[in-house]
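In what follows, a single structure is set out as structure tokens and then discussed.
Going by the order they are written in, the chains are A, B, C and D; count residues from 1 in each one.
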């Protein structure tokens, strides 16, 4: 697949694009956090880009990222092992153009201490729930999101379950049968 | 003599109850698709007198918990069950409602019986309609035997009240 | 004072009534769900209503959040198939195919699949799509009071379930597709049965359409309700029947062709108004197009294996696994370590029952996904619901939700 | 041109080319190790980095240019300018054929084999061959259950004759206890007649066995290897502090295996250390005990506070005993509390076992943390001083960490008569048995912590399993005790204690906390074997 979008992005924004990646034909650009809104606006409004449709938004928690190689099998991985100090989260948005049919994934790296990033909901209303989900599951704060609150879980839930350090089976019950409480 | 009459009367009432179950389908997940099949022409739950879904808990006496119950859903389920009039019965439809099935995680409840007492558990993910019909027959037997959770509780409460009245006399 | 006659006639005349007789203009909050008779799936809507008119609706999903992603992170790639079954449980085969395609893309074996496997995948996917639309239309019609189409369509669905059961062994949660192909070949004579059933379904469709298409009540409750125009569909990221009903001719099978769809001829039905009636009509037409695809696919179905010939992806035959140490080790490594997928990430998508169903998977070289995100169309579609139901009557929520076809497992993941 | 040339390689390194990639390695490195550096994993059975080279499995054959025949890469020392091919047709074929040959007589045992899931044979076959079987002759049968010694059982059919176990006994334990007899496909591992495999390092043979031939009596048939979760930790059996992995599942530890640390234990550990996990299950104190009766934390703390507040008014009436069995964090917390109380500080541990020591890994000191206790509380007195204090009636309350209090019988009797003995113990034994108040604390595998070995090396342990019942981390129990007596100690997690401790204790200045490690299921820890 061509790297047309990535090339245009690099030509236009230069340093604001931290890295690019096109493994398996998925064009991906890591952008600087404070340039995200600007780059996204350009991607939406530029005639040659015209990314008018949102696809999904999510996040990758790198806490346990230790890739292993497999003999005789090439890997496309470009993400180095997580060292415990660098940015822990990769927030991703995937965009699609209905006119040009190309797609791009924008990523922003954020740290655990400051998991904040500009919201793209004001640009694509379709990211509304997607960003809420990402907040719910990973605790990423989206600046400028109109209605950032939990979506799948309930307000009483403490923690962000899809973070790698949240134990899979740690339940936080709202209600239990009174005749069973204290039974086990 | 009076005891004999009341117990026979209860037998008759239970006979009526078991063939006219008004169900409240608490449908949450995949099992709902099979629940539709049970209600649909081929399997036709109407043959067992339980075809009539009442979507008001106050008018129903069989709570069918169809599908995964999550922690967020728990309070709603509990409230629906509390609103049902006695005597009432509960069927856990599918493994998720029975034990959580292969969803053992932070949000899936390990079985609906964490919240409400369940009379009949139906295994299967989802159970085949035949299994559901089998479970319904099991429940009908149970109703006739008077040992559904709710029936036992009513009986217990009656005894307690009688004993208490005797003490007060 | 207005006479009883004008009161009975309806709202139009109610405006002329005396002030004392008008109902008080007080907003009320009504809670619909999470267990509501006219909702398939569990979703809660907090409605703020002015009389019967909805001023504000807050749709709250999450009552069926079964943690697909967290569960996937603790399962091998093959073990994830059962979880995908339970995402969109009305069309599990398509989810299976989507997941398999994502992993195949990561493994780099997309182009090496046997052609028969591709065709079988297309066949089961389209059967699944038909069951999805049958359920959606049947249930929605029932919720609007038309019980007969529901019974008719469920009868058809039962035929298809029986067929899929013959293929996979399960009526509903098939887990039939595998990375590198499908788990077993179609049974002998199955395609003939399928074609026979398709003819029968066509006949039933004629009956049901006769009952619904020109039915005044049905049309009145569907037409002009819950409309979303083309532009709105784009910016909300809508796909599938909802987008197509609004005139957005986006279909993954055509726009980003995968598998053997380029070899099959079919049309993408497109609506104009984007309201519930169009969504219904698009779905009905899609059933017909799926049947068209099925007839072609069955005719073109090639012979050959249904599993890739790669020992690191395909399981050995069971008899070998029991009798030779080599196959035993292979079998063991598959089941215990899982198919090891080289580190990397990708997003692959298929046209699901409801629209673009995609999986964004990050692999770390072990036998289980590091992250497995699912882009579920229902979730995206439901996000528009709060906006759509505004200014409609409470009763309109029912057809709107019916036609959004929110599937709990997929929406809440 | 000459000035742009690369500087000549240092005299003690050589540069070889492996699969077209140049790599510089120290002189004397073999080709197999050099290949690992460029990410090429040449398969091997008999080679083990911690053992001498036998080159008997022929699995690691590679083609080296200017050599007419394939060479075993484990035995070929890299020389300057050597060009190695590991992926050419010849060596690939050799690898495949060797694997087929090795599997000819291998039994179909995976479903019942303890090694399955971490088996080198499985791993190499799957990664390098994965071809179907071509053999239809019956397999050679050998003894299935052969008792080699107190800890080990041999299944001779599974053995692939790599001789790693023989070399472990020779080189690690220093005792030649195993040997091969017979020839060809009747070759078989055995001990000398009447002799047993009973050296103190015998279970290392089980670890190095590439297949399930040698199995540990302690572990076999208890748990499937691939289902276990691994958590890195440090052995608490003696002062050596061998690095280990705790393998656990369902809230229980199932075995301990050594983890490579060239500076401490290399690849090995002793048998005794491996069995220390049994202690984690036995006679644990799961809830607070007051006066011999089960109690709650609130009641126990209140009782302790009553006794302590009374005694604290009298300087020198409270004695605190640190433990070399407990972690640095627990000791540091208690020492800090003792300082706040102005209490006397003592230190104890288990008595030394001189017969145990050797010049390898085993140490006479069976406490994991004497060095740590000494670093934290250099001024701590020994128990003789405590005995005097107790006997004279000066000491009225003793706070003991751990369940080891080796005092004389008279002092033991006296201890029952003083105001209170408050024990923070993992086990319901020793002083915890007849303490006035016993508070349950977590054992070493149940909480994050650190120990200091005989060389003063500070090593971290990670929490593998949950502590039983109401037991909490030792330092947390100290914090509760401090709060009950009105002393401000406010740590909420082990990391905070570590931070304060590394700031306060000079030898550990600025030691980083490092990464949190979560248990890793072995089936997903890459392919093991």
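The rule is simple: a residue touches a chain if its C-beta (ideal position, glycine included) is under 8 Å from a C-beta of that chain, and two chains touch if they have at least 3 such contacts.
Everything numeric here is computed off the predicted structure, so don't read it as measured data.
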What is the identifier of the chain with the smallest separation between its Cα mean and the overall Cα mean? A
Go through B-C and A-D and name the pair with more C-beta contacts between its chains. B-C
If you average the CA atoms of subunit B and of subunit C, how many Å lie between those two points? 31
Taking each chain's centre as the mean of its CA atoms, how far is subunit A from subunit D in angstrom? 39
Length of the line joining the C-alpha centres of subunit A and subunit B, rounded to whole Å: 44
Between subunit B and subunit D, tell me the centre distance in angstrom, where each centre is the average of that chain's C-alpha atoms. 53
Check: subunit D positions touching at least 2 other chains come out as 526-527
Find every residue in subunit B that makes contact with two or more other chains and list them. 72, 105-107
List, in ascending order, every residue of subunit C touching at least 2 other chains. 62, 65, 67, 70-71, 312, 340, 365-366
Each pair of chains that touch: what are they? A-B, A-C, A-D, B-C, C-D
Seen from subunit B, its contact residues with subunit C in the complex are 26-30, 32-34, 36-37, 40-42, 53, 55, 67-68, 70, 72-73, 76-77, 80, 102-103, 105-108, 125-126, 128
In the complex, the residues of subunit A that touch subunit B are 152-154, 161, 166-177, 179-180
Spell out the part of subunit D that touches subunit C in their complex, as residue ranges. 100, 103, 106-108, 110-111, 116-117, 121-123, 125-126, 129-133, 135, 226, 523-527
Subunit A partner, complex, touching residues on subunit D are 39, 41, 127-128, 514-516, 518, 526-527
Going by the contact rule at the top, pick out the subunit B residues touching subunit A in the complex. 71-72, 74-75, 78, 104-107, 109, 113-117
